[in-house]
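The following blocks contain the structures, represented as structure tokens.
Each of the two complexes below includes chain A, the first together with chain B, the second together with chain C.
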Partner chain A sequence: MTRLGDIVRGVRRSDRGAYWFILPYVIFFCAFVAYPLIFSLILVFNRWNIVTPMEWIGLKNFDRLIGDVLFYRSLLNTLTFLLIHIPLQVAVALALALLLNTGVRGRGLFRAIYFLPVVVSGVAVTILWQQIYSFDEGILNNILHAAGLPSVPWLVDPRVAMPSIAIMATWKNVGIYIVLFLVGLQNIPRELYEAASLDGARPFKQFLYVTLPMLNPTIVVIVVLSTIGGFSLFIEPYVLTGGGPMQSTLSGMLYIYNQAFSFGHMGYAATLGFVYALVILGVVVLQRRVIESEIPS
Partner chain B sequence: MDVTPSLRRSAFAALSALALLPACARHEAAGPAGSPGVVLTYWPAPNPQEILLADTLVALWNRLHPEIRVDMQPIPVSISTEEVLLAAIAGKTTPDVCSNIWPGALHDYTQAGGLVRLDDFPDFDSLMSRRTPRELLERFRVGDGHFYEVPWKTNPVMMFCNMRLLREAGVEGVPATYGEYLAAGKKVVSHKYAGAAQAVWMGDRDVRPIWWQRLFDFYPFYIAASGGRTLFTGGIPSFGDSAAAEVFAFFRECYANKYFPRTFFQGGDPFLLEKKATHFSGPWEVASIRKFAPQMEFAVGHVPVPDDHRGPVYTYGDYKNISIFSTTKHPKEAWEFVKFLVTAEHDLLLLSICDQIPVRGDLLENPLFAQYFRANPAMAEFARQAVYTRGMDDAPDLKEIFDGIAQEYEACAVYGRVTPVRAISDALGRTTLIVEWNR
Partner chain C sequence: MKTFLKYTALLAGAVVFAYPFLWMIAGSLKPELEIESLNLFSGKFSLQSYAQVILKIPIARAFLNSMIVSAATTASVVLFGSMVGYALARLRFLGKKTLYTLILFTMTIPFQIVLIPQYILIVKLGWTDTYMALIAPTMMSAFAIILFRQFFMAIPQALIDAARVDGCSELMILFRIIWPLSRPVIITVALLTFMANWNEVLWPLMVVREQSLMTMPQLVTIFTTGGQAETQLGYLLAAATLLSLPVIIAYAFFQRYFIESMASSGIKG
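This part shows the complex of A and B:
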């Protein structure tokens, strides 16, 4: 108490106003970040279903996790999603950003159209895609029928379901990455293109040896953001497939959610959450190292 | 302005008292002569029919009992009633009475000390013995030997048949066994509908691994095939028998032969759109058919059973019961209201407004209900079946257990990746692990 008092007294009078300004964030941080984090750490060693008292079970949650095949399956599914989603996301966003950067007419309108899905609620977008992917009455299958082609089981075939979700997630998020690429493209000095042109580089070579290396920092940001976003894959499988078919779209987040809120295993879900966070950290660190060594800036 | 501390304290106390007044008023209602009365909160299921029934019954009660006012509020809409009730128990915001208690979730509620023991009321036994057959009632006794719910209504899962589609395909009558059903399925899908853009199916089930979907296929079929057994015997998972494997094998054939589609429909209910010949559902379906497909010629039969089945055919009853929550300040008054909800006259209202079956032993003998069943012969089928129903085991984690069964159902029946015997053995293994884990 004396120490705290000393600290408070030690704060210069002129700085006290600043502390009042940061107080709302400190309160927010304590209530919504620090407290839940500490509470979930306590949960890791307990069994608790919200309504009954907590029961201390030591490391039993970790014991269960080690033998939990479904958790490994959900990790594998999430990685599969990332493998499809991230290259698709980067390629589509970059292609559209390059087009928008050419000074095409109505650029502002296109930018707004591409950005629109980002601001629409995830559930609304998913319900819209449910109509597109529906096997019996879906827009895509109606088009295929009209062309004399058979229906595709977009969401009910274990091999097709996760790519279908990856396409949808790309459509939903591409707008924000287009904006990031556009910023990156507009920051590339024109002189580099002029010099390359004088050296006889055609547009494709200019793209390969000027644009791409100069966009490296942007690509790193986009890949990291897409990875972290991809690990949070939840709404799409929750609404569209419930994790099926054959657990092929059971993402890590969906599995954690099921354990916590469908089955009431708060302690186990917290354990899964911590392990999942470590996996994300590992993947992101690895990814950064690989990208930075592959594309030197 | 200079305000003294004592004045500040007085002002704060006065404001606090004002703020608390509405909360106090919630449980104190004026009686007939202005004497303090009691206010109870009642949560029915949030579907339009049950809200109408609750409105009717509550208005009647409030007229007859001005000293005990009941406020009706449908259960807040969410993914499931069980989640809402668990959240309410955790937050201590439960109502006094709720009439949408799923027995499968009772274990969680009682473990949390959320419910009032009903057999402590002196007239519990006499009320129950008048209304519910003893053998059936005993199934609602929980592990501690007490009753926490009044069995209110049951929705036996049965098979609806579109008789026109069956007849056109050359099928006479309602298929009763697996053999008859599969033979009918072959005729229906190979009839003139085959190859059409919008085919007619023998049946369909939502193929997504959603735990409660298995309450409308695997679970009633298992109860039927096993002669009335549920998942547990004496607290131990016991469904790893040949009956369960036969059920999986039956559905596997339905999917493998394309009698069922490997999808879920979104362009409306395919049974009401007459795109499938059979449908497994509860009595509420009768009202839907009346409303959305009045032209449909339909019949109701028990769910198909193995060809060598003998004896009565049981099914899953999908019970919804009435409980009093332990947050109530007026348990006696709440119990009086519960008794009011389950009188014979009000059970008739449950039938006529909601098309759901009261858990009564005298449904088909009591003259009070005779006119209703004469006018609704399909509902009489459900009333006959109601005697042969089973509910849920008093076990923890039923949702997770059904989730495990749903995963195996999908792997074996829908996609044919695992044999029925292996799938059932895996489901049983997973269930045993879940039970062990939670012990």
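This part shows the complex of A and C:
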């Protein structure tokens, strides 16, 4: 009975009232974290539309997923999004942060303007970009016309639509990463640059051998956050394209939503969510490994 | 020359990020036929688009709903988050390590996996089309708890001991001693929570169908995708302006808090 004794002693040594402090969270955790997690493990083995009773179908949801063209399509779309969004985001954020970090006047004001799209609702931003990307009279195509260039089918061409959304998402989020880069830049000790210039390193070499390696932790954070954001992409295609043209902007989240709420396939939607979660965890772990090993910090 | 190029680049950046918003606001105030122009100013001023939006959808009610939901969630996240954070940072109890590990674990779960089961839970509880559906699943945040815990660990033990000697209960210590010392972290958590909730749209789309209970971004989404806007550009821009204006105004006043909150947390809202 020593274990029981340990527990009793442990509880006795606890501060009075400590359990009241954590009780609300424990209840919340059970209801909104533990229960959904366990329930998702049941759902993936069932066919269910919420209304009629659940029907156990074993691994059929996974069978279906393996043969589901739209699932692969949504994965591919997310990959397209990430391949454009992440490099663009890192490049633009780094460029603007480096510019802001050179002791310019009005630094605070510029930073505040670049950050503005971050705080505005994604729905408002999407409505706005619908007009920017509009084929006939959109802002971008009007500007292209004025410059004597042909229109770009931003959201109409299946090959262009996802890249367009990736550019828009970059515009919306880049302010966060400018701020993170600025913090990172300020944390680089001046002595490193002094030592580098004593060794005869030109500004570009200093950037390559001092700035970039020192910013590596920030880059990891940005890549991971953008990846998680990319996998959560929903409202932009929902409002802008509805997943089209030709499913080219069907994101993972939009596909899960459609399966659950357009078709009432709760079991299959939960299976998609389950598999997507595994994919996200896998990708993030892989990214950390690769980036941290390639640029030693 | 170098300075000139630098400021040109910075200004070009500012135009790229600010012009669309200015165009949106200007467009919402112009007669429908003049909106397409890239010009911000027009000779004719019109509130017609706003009048139509207010007529077609209960946007004021949606504003109120968003306020209620975001305020309730924020209050709850700050209150309960700081309680758990305090217990983890300053109190002894059995299972502390387990709880801390669980909270860290919670933060690594991609939301895709719990989304559908959470929706089903709300249905089974009979909470669809209620405020509870919008508030309950975000009442507590693992991330807020971790932020609070980190901040509270740095508060001198002597202050807490002195309060205990004076006979303060732990709850009183939290509210009277710890909270006044923790304004920066409370502001950070409150701002990020409020903003994330105000802008959330996927969850409301799932659990609310009743128009009078919709949050503002949800109502504007339905207005845009559901055909009610009748492809009238002015209506869309007016709705988008109404949706973003409260946040832009708050941002204009508390800009530094917004940016510092985001920088100190390293996450997106």
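As a working rule, the second predicted complex is superposed on the first by the 283 of 297 C-alpha atoms of A that agree within 3 Å, B and C clash if a C-alpha of one lies under 4 Å from a C-alpha of the other, contacts with A are read in each partner's own complex, and residues count from 1 in each chain.
In this text, a residue touches a chain if its C-beta (ideal position, glycine included) is under 8 Å from a C-beta of that chain, and two chains touch if they have at least 3 such contacts.
Values in this document were obtained by computation on a predicted structure and should not be read as measured data.
Enquirer: Residues of chain A touched: more by chain B or chain C?
Expert: After superposing on chain A, more of chain A is contacted by C.
Enquirer: Counting only touches as set out at the top, which of chain B and chain C does A:Val223 meet: first, second, both, neither?
Expert: Neither partner.
Enquirer: Where does A:Ala196 make contact in the superposed view: on chain B (first), on chain C (second), on both, or on neither?
Expert: neither
Enquirer: Taking the superposition on A as described, I'd like to know which of chain B and chain C A:Gln247 touches: first, second, both or neither.
Expert: A:Gln247 sits against chain B, while chain C stays out of touch.
Enquirer: In the superposed arrangement, does A:Ile86 touch chain B (first), chain C (second), both or neither?
Expert: A:Ile86: touches no partner chain.
Enquirer: Identify the partner contact of A:Phe261: answer first if only chain B is touched, second if only chain C is, both if each is, neither if none is.
Expert: both
Enquirer: First (chain B), second (chain C), both or neither: which does A:Ser232 touch?
Expert: In the superposition, A:Ser232 touches chain C alone.
Enquirer: Contacts for A:Ile50 in the overlay, against chain B (first) and chain C (second): which applies, first, second, both or neither?
Expert: both
Enquirer: In the superposed arrangement, which partner chain does A:Ile167 touch: chain B (first), chain C (second), both, or neither?
Expert: Touch status of A:Ile167: no partner.
Enquirer: Once the shared chain is lined up, is A:Leu281 touching chain B (first), chain C (second), both, or neither of them?
Expert: second
Enquirer: With the touch criterion stated at the top, can you tell me which chain A residues are shared between the chain B interface and the chain C interface?
Expert: In the superposed arrangement, which is not itself an observed complex, chain A uses residues 50, 130-131, 137, 242, 261 for both chain B and chain C.
Enquirer: Would you tell me which residues of chain C are touching chain A in their complex?
Expert: Answer in residue numbers: 6-7, 9-10, 13-14, 16-18, 20-21, 23-24, 27, 36, 38, 80, 83-84, 86-87, 91-94, 99, 102, 106, 108-121, 123, 136-137, 139-140, 145, 169-171, 195, 198-199, 201-202, 205-206, 216-217, 220-221, 224-225, 233, 236-237, 239-241, 243-244, 247-248, 251, 255-256, 258-259, 262-263, 266-269.
Enquirer: How about chain A: which of its residues touch chain C in the complex?
Expert: 7, 10-11, 13-19, 21-22, 24-26, 28-29, 31-33, 35-37, 39-40, 43, 50, 96, 99-100, 102, 104, 106, 108, 110-124, 127-132, 137, 139, 142-143, 171, 173, 175-176, 179-180, 182-183, 221, 225, 228-229, 231-232, 234-235, 238-239, 242, 252-253, 256-257, 260-261, 266, 269-270, 272-274, 276-277, 280-281
Enquirer: Would you pull the chain A residues touching chain B in the complex into a rising list?
Expert: 47, 49-52, 64, 130-131, 134-138, 145, 153, 156, 158, 241-247, 258, 261-265
Enquirer: State the interface residues of chain B toward chain A in the complex, per the touch definition above.
Expert: Going through chain B, the ones touching chain A are 83, 86-87, 89-90, 108-109, 111-112, 114, 197-198, 207-211, 261-267, 270, 397, 399-400, 403, 407, 410-411, 414-415, 417, 437-438.
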